[in-house]
């Protein structure tokens, strides 16, 4: 029996599901793993899955893949592009797309499990495979931990995970130390006073309040952060009003903040709150803004020793040029919680999904940002191969390095 | 038989319907008018109604009331407050409220028709009652005209209409000449480039583009319009993005513009477009913004002679102090189209719905804007009486003035 | 003896002087008035002049002209354009120009005095001529009053004054009631923290603070003032920093505010201060901004009765079409203080200085704002004639109307 | 004979001079160097000085110090604080301060020359000492090169220079590769249309245009630069207008831009120009902005081999802990031109001037940015000792390392 991984990937790509709604995805995974003879527990952390391969004495290696898609309207033009719809937490029907490549993560982990099952005589120890929901909410790993995943399965000696990214296919990016930024997601509600669109003076206009806030937030990164430090203040969504001739009563902003460590986090959060409150005051708001933290993600820090060991393994497997230091990424992950809670090392690496020639041309032309869509873009799509094969091999090489 | 108008008003208030969806409202009106022995045509201009009382020779007077509610979440705290929901043109479920008082307009016109039916011996001529849909979209009168209302009913010698407003109950506001502003509703789509919230440099951020546009639009009124002229540039809605960590590909703004005449209209529109295009250019947008005109409303101009005549009639009926010149309102109306198309005079007046003591206190305290909610506010609610009785009487007095 | 008024005007135009520095101007006036046999007191309110013609019994009429120029680099291209320099209060050398037409005011009043001296047999009463300094600082009339001008000269029964303006030559603009706006001039110092241009994070950047403040101040007029009311919030100067690579410690803004009355004044001032303080807070400023009121000008209110009487006199003298109601002007004047302090009526009118054909073409082309330079523009220049002759005649007609 | 270096430093600190006006400074230096028996050429590159010590065969080492002060009002409270005034290029009288520590650079180089003269028996080769003017304009080294300094003196085998900085006294900061950023200084003139402060609609307000431009420029760093890259867009000065009630015709901005290399330079410049032009378009400006490059500074790149060698020498002289890698600085220097033109290595290092305890407390309290004033701050002042002694020793150690 051999799983058709390409067909699996295409199927998942066509049927993305939003965070904590990955039920069809889970069903597909369960079907394949069951065919491999594995027992799968469903519903761990709401929609997560766990399976394990116990194969004699030896270290316990956790392999983690995330499963959720994003509310993005796919525009890749692929013949297997998603046309799926979903319902977001606000009850809104939205398009859904695997714009972050989690379908590639799932397919790779399924393929790696098949390989490990079929090569049991070559290794010993325990592999625990974690199919995590809701990474995009920064909530899935915590949900699985709250559901006891660390207690009900062999505790890890190491946690491993990977992410597909706009590097050239064939290249792995990994570095010791801080690999990904810490992050907070905030929701801000600005309270104005509604009224008729023709009578602004009888209102406190929350649209103007929101616009002024967005413009002023820009000055945090441009003026208040050491230019040599990394910080991102993104307003990812802004919503106010239903009609041109009604000035609404409030506006909602969703912010995504990024920083390399907790010290920077405290500083940036203080600045963001200062700006938001002052801009409400500038508008003469009668109520201070409501600021809610939706999630907090720690920095993703790769264990120095384990990363060095893994880098060596990758170089032996794929060649010396196959591993680069991609620098710290400003993206964030919740995979860390598994390792942090267990008190064990983590290595989280990136692998490339871009046609190498296209990548080289874009670098040469100075058009990388324009021509190579990044994760979360409606145009994001890894080339199917060799990305998928390498996703499988990466996991097998990595697991075998830390197994006996 | 006497219609319980207060019960009718409360019923309508509890069951507001969005523009072009006023089917329950229409049903209620038809039931009452039928009981009066009137024939009512339904579906004129999609959801509009027309009825007429032909009572011998004499002038043809059109009385017009609008019927639609607004996507506003009522916060009046009234025991008959609306909890209704509706589906807006974008398919979004929204709260609905009679935040502009059209329930009062409908109830008053039903009451006036009853009175006119019961006093036929006192007057002669023809009354045509028009229950218009979709005033809030600026589209209902045009829809009824396109549906032939001016051809299929006796053409008016005069068109009359009224609007409840935050004047003290008992007071009528009307002026010859420009009574309400001209207006355009625009939808603007700003095109950026989406991507991951942690990688702003790979995107063209439409949230920042939108915020900069909103701030820059403020300078049209503050710097480019003669301070003695009337102009309003309201951004009534702003929408972009679905999630804090995805930078969306575009942002949508809905604008409501107001001006006293067509000359000003041309100037303001040119300025608004100039700012929108330049701000997209400042963002390095690769596509110019898409600007769509949703509706265009002419100024509401009261006929000088007819207004003088009607003012006299109101003063005789309600006292010399009962009529004030409220100045030009920056709000807009589509009632004009009936008179413009027919080439006949229009008089459109306002009548007060605020408790006189509350109004006087607010004036004395300089807190009118804060304490007296305006139309379209979630707190807007006329006092039921004497507002309703006066709404009926206004129409009867006005109709009788122009009938034989 | 006949004064060559055109030569006087050209001489004054070539030699403008800043506020409270009008010494050469005063000397020229004194020379001419002395030749007329008048006694002139110099140094009234620092650089002001007063003379009087006592001619038997009758009313006391004050005629007032202001004398100062502005720190503007003349760009009219006239062969008598100013190339003068002056020293402003900050000690800075600046260009000076009669960009507000006070040279025309002075020349007209000198001409009117000559005419009144030469026609003494035709009238009786007293004429007091006030050549006021520092109108542009809003400080000259108060300085003259503080210097006792109302006590040392016959107290007026009426105060008259005039201003040249971009109306067609031959046209007078005057209205009863509020003719010009009230105004305040504010200086705002925003306190940041200076540092190296390459290290913004070690500073509190006052340039950004100032820019954000200017943008936010726009929202007062665009959103917080009834669109039907008049209000102006102008930032006329902004200054910060000496060098591109030093972030300065503070920024200075000079604001000019306009409103029709004291009630509006209080509201706008409160809003302006609110915005300034909040924007400093948004910057994390450690010191609140310093806000100083440089001058306060009352509204210029024309006495109803006297204005009606004067309008009749002008119409008799110049034709029925020669007087228009120009509406309220948003400019401001300190002439009111003389009448307010004396408790007597004021009439202050405008007269046109634009070639009528040029004016008509600009109106027809809708290019009035572009083609007809306004007061304070570097291109402002009345046509010499008939503006000057009419300036003289206006004053003579007006004075004679109120004299016996 | 021994020069009293502390007295020299205090004298220079009290008498700072602006760029290309360092004539008193030059006189003081000449007097001291002449006493050492050195011949000094004056007027090299307008106000620069050069001297040399030829001491047998061996390498040629150039030691460079810069001499100019800054237009900053000193607020250190030191008893030797500057109260000097100067005239800036615009003819404005401004306060002057050694806010960048060039007085310390000059004093250190004078002291080092005395030491080298007195220890000639210990070394052989040639030392060329360059006292450069106008570093703050980024113009002095080019002026000296244009004046033939590289042809008229022994060409260097290496160029050495140092800068005092907010590190703890006793600490040297130096790194191989890019040590300081590339930079451009731009002057931008925004063209509006002037007019009366009460009639904004007749103008194109350059103050609002400037404010909108400053706010929009913030979005380049906040949104368009990879958060991991270094870029600074500072508007160091903004000037428009002379009076609150005149809207001026134009506004002037001075920008300081920073980036690590020429590729980034091209990108940032393009973005800056795009924003400036678009904001003028948003204002409806009739003339595009005038953008002038005042100076262009290359990145300061330390030679890898020479830096390693010098680091070793410093560690031997001052202890292993005495040298740190301070990272790339976002400040810029024109010292590079000497080495670039000569095609030889450069090493440029920083040395600390802050009391170590104060520095440690600020680090511990997280208040470094607030409590330790940076170069160009009105509070910047190195502790006199041991800063001055170490400035001398650094140069002697460094020169000796590269001499025979």
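Worth a mention:
Residue numbering begins at 1 within each chain, and the chains themselves are lettered A, B, C and D in the order written.
By definition in this document, contacts are C-beta pairs under 8 Å (C-beta built on N, C-alpha and C of every residue); 3 or more make two chains touch, one makes a residue touch a chain.
Quick caveat, the model's predicted, so the values are computed rather than measured.
The chains in contact with chain A as well as with chain D are B, C.
A comparison of the C-D and A-C interfaces places the larger number of contacting C-beta pairs at C-D. Inter-chain spacing, taken between the CA centroids of chain C and chain D, is 47 Å.
Per-chain CA centroids place chain A at a distance of 64 Å from chain C. Shown for chain D are the residues that touch two or more other chains, namely 198-201, 203, 205, 208, 212, 215, 218-219, 222-223, 227, 232, 258, 330. Listing the residues of chain C that touch chain B in their complex gives 215, 217-223, 227-228, 230-233, 258, 263, 327-328, 330, 366. The residues of chain A lying in touch with chain B in their complex are 70-72, 88, 91-94, 99-100, 136, 181, 183, 185-187, 193-203, 205, 207-208, 210-215, 218, 232, 234-249, 251, 254-256, 258, 294, 329-332, 369, 373-378. Taken in their complex, chain C has these residues touching chain A: 198-201, 203, 205, 208, 212, 215-216, 219, 222-227, 271, 274-275, 277-279, 281-284.
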